[in-house]
Structure formats: structure tokens, C-alpha cells
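Next come two complexes built around chain A: one with chain B, the other with chain C.
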Partner chain A sequence: MDDTLLVVIRSAPYQGVRLRESLDALLVGAAFGKPVVPLFMGQGLFALLPGQTPGAPGQKATLPIIDMLEMYDIDTLYLPAADATARGLTEGDLVANTQLLDADAVQALFHEAGQVLTF
Partner chain B sequence: MKYALLVMGAPYSSQAPHSALRFARALLDGEHTLDSVFFYRDGVHNASFLMTPPQDEANLHRLWCELNREHGVKLDVCIAAALRRGLINAEEAARHGHGEYSVASPFALTGLGQLLDIQQRCDRVITFAA
Partner chain C sequence: MILHILNCPPGDGQASAQALAAMAAEDALLLIEDGVYAVLDAGWEGHRLDVGRLYALEDDLAARGLGSRAHERNIETVSMEAFVALTARARQTVSWY
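Right, the complex of A and B next:
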């Protein structure tokens, strides 16, 4: 577990390129052969909504990147259950491979990660 | 301890680079070393040697250069984030057909993978987000 890279993503889609540049870090970590764990927090949860249509004013969609994370062996997308509740979201509202975590489990992710990058 | 800094805020619109510089100075005044500063997101604007603030304001580019000159701190800039925002060095300018450029040594355009390398070789990476 020591080599695991935890990437914390807190940006919603179409907030400039913030989300895209956060996901890039995720992909680079995976491309370098590191075990990468994504944790979506706060407004970052909106990145996981499946109903997004591409083509928000002049910006590339980020959902296709979320959808292809599995190809990079990033199988599970974690998020704090409390952040979902606060935004009126349940697991059923989000893309398939998400897992809601209680506060202790979120803490454990940070504890177990060898490295953490927060965006 | 060996430190690195990740700076993601632009000069003059975010406090991040100012705080990062103060943190860097505090580190170096103590018993620590500062290996590198990595500039990502809007932080890449720190790398422009064309920034020309009024004379009575801090010139962030110059302050980073001083850090490099005095302590050998490496200044790495994410190339994708930089090019997207018009921050470009001579080599990339030639490649993309631009006549001018705005980034030069000691700032180096490099891949995001460099950030992971830095994280691997340093004891701590401190993030200054915008």
C-alpha cells in the first residue's frame, strides 16, 4: 500500500479546466504504473454525474475521462457519503463504479496512501 | 527534511505563490532543504519572465529566480498546463510556430510525471492551491 497515490479531486466539471487538470494527474500516475486511488470530495462529486451532455460552452467534456478510468486499472471511484448527502446525491445518481465511504473509511484512505495529491 | 512545493495559483490573483515563497524562505532559514517547486494549473503564470509589475510591487518571477540562484531550487513547470495558457519556451515556440516566448531558464517545462518523481524523492510535498 505504501506506493499508492491518493488523488483528491474537489473541482466540478466546467469550472475552467480545473477538473481536467486534476484528472490528468490521475492518469499520469496510472500511466507510471502506480496504484492510484481517486477520492472525489465536495464539488468534485459533480464530476461523477452520468447525465452530463458534452459541449458545455466551448469546453471538452470530462465524463469520457471518468468513463475510461477503468482502462487504467482505476476500478473504484471513492467519495465521502456525507458529501453526497449534502448535495442530495445517492449512489444511484452517480456513475457505476463509485463507492461511498463513511468518515472513518475516508480517513483510512489518507492513512494508507504512500503519497497524496490534492487538487 | 527534504521538501518540495506544488504551486497552483497565479501571481497577483492568488495568494498561493506569495505564501509558497514565504514558506520556502522559512524552510531554508531552518534545517531543511528545498528540492524543487512544481508549478501547475494557473501557477504556471509564475514562470513568465515578461511579467512587469509596478516597481514598488514584488516581482514573483524574479523572487523564484533568486530562490534558484541562492539555493539551487529546481523550478519545474507542467508543460501541458503552460502551453494551454500561452506560457512557452523558445524550443516549444519554434515547434508550434510562434515567434516569441515567455519562459526561460531557470524555469523548465516538464511533464506532470516530474511531479510524481519529485514526490518520490522528497520527504514532503506541500501544496499551495488557489
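Right, the complex of A and C next:
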């Protein structure tokens, strides 16, 4: 697992460019054949809501990128279960391929990663 | 040991809670920049970390008039040199902002 890149995604859609940049980091890592793991925390969970439309003019939707992560062998989108609960969200409210983690499993992701990028 | 680095105060957004959530038992937290204001927040969860797991950067404390406050809590103050040494000792550093 030492080669794994953990990308921590903490921004909601349309909240500046951070979410897009975090997804770019995932895709670049995957394109270079690196194992990449996305962890959505806090407001980053809002990126996982299905049915998002493009925002105001100039604001591109990020959901299409989330939907195509699977093609880059990014099969599982991790998130802390506590963060979902705090936002009134269950796994059924989110896009497919999400996996809710307890507190220990979240910490383990950080320890298993060779590199961590926080966005 | 992973060194988590926090640069914003508790109560300002989600970073401080997320840093604590990401920390496993052997990990340490270093407060830098506005993160050092956490010394004033008695209710902040980070103060429950064991001695030796919570650090604050001396220069940033001093710059904010908090140089004498860190000893009131379980916070170990570190110089810039000690900051570098901490990052060298850590297997990984993770920034929370």
C-alpha cells in the first residue's frame, strides 16, 4: 500500500476550485498508474449527491467526473459515517460505490497511504 | 507517526475537527499560524490529546501575544528547528487548512 495516494476531499461543489482540483489530482494519479484512494470528508460529501446540474454560467458540474472515476479503477469512494450522519445523509442518498467508514477505518486510510493530499 | 499540521483555529470551519478525526493513537498534531489560537479555547477537543502529542509553534504563539499561554495546557511549544525535526521524525505530514 506504500505507493497509494490518498486524496482528502473537503469542499462542496461550486465552492471555489478546490473540489475540481482534488478530482484532477485523483485522475492524474490514476493516469500514472498509481493506486489512488479518495476520502470525502465534511462538506466534501456534498460532491457525492446524485442529480447535480451545472451551476451558474461558468460553473462546471463536477458530478460527471465523479461518475467516471470508476473507469480509472477508482472503484470505492470512502467517507466517514459520522460525517454523513451529521449532514442527514445515508448511503442511499449518495452516488453508487460509496463506502461509509467508522473512525478507526478513517485513521487507517491515512496510515496505509504512501502520500496524502488534502484539498 | 503521522504529523498533522493545523493552521486555523477551532470554530473556524471544519479543519480542526477533521484533523482530530484523522489522527490515530500514535499521531501528533502541530498548531501553526492561526491554529495556535486553540490555546485559548478550553473546550477544544484537541486539549484531550496526551502530553507529547500536541505541539504549537513558538514563533506563531509569540507573534499573536500568546507566548505565555501555551503552558496552561498540555501543549509543547516548538522552535522552527524542532518543527523541522518533528517533520523528519514523522513518516508523513498532513496539512489541514
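Here are some notes:
Note that the second predicted complex is superposed on the first by the 116 of 119 C-alpha atoms of A that agree within 3 Å, B and C clash if a C-alpha of one lies under 4 Å from a C-alpha of the other, contacts with A are read in each partner's own complex, and residues count from 1 in each chain.
Here is the rule we use: contacts are C-beta pairs under 8 Å (C-beta built on N, C-alpha and C of every residue); 3 or more make two chains touch, one makes a residue touch a chain.
Bear in mind that the values here come from a model prediction, so they are computed numbers and not experimental data.
Once the two complexes are laid over each other on the shared chain, residue contacts for A:A103 go to chain C alone; chain B is not touched. Residue contacts after overlaying the shared chain place A:H111 against chain C, while chain B stays out of touching range. Once chain A of one complex is fitted onto chain A of the other, the partner contacts of A:K60 are absent, as it touches neither chain B nor chain C. Contact with chain B, but none with chain C, is seen for A:A25 once the two complexes are overlaid on the shared chain. Of the two partner chains placed by superposition, only chain C is touched by A:P80; chain B is not. By the touch criterion stated above, A:L5 is placed in contact with chain B alone, chain C being left untouched.
Once chain A of one complex is fitted onto chain A of the other, the partner contacts of A:K34 are limited to chain B, with no touch recorded for chain C. Taken together, the two structures place residues 115, 118 of chain A in contact with chain B in one case and with chain C in the other.
Chain C meets chain A in the complex at residues 2, 14-15, 17-18, 21-24, 27, 92, 94-97. The part of chain A that touches chain C in the complex is made up of residues 8, 10, 41-43, 80, 82, 103, 106-108, 110-111, 113, 115-116, 118.
Against chain B, the residues of chain A that register as touching in their complex are 5, 17-18, 21, 24-25, 28-29, 31-32, 34, 115, 117-119.
Interface of chain B with chain A (complex): residues 6, 8, 40-41, 80-81, 84, 111-113, 115-116, 119-120, 125, 127, 129.
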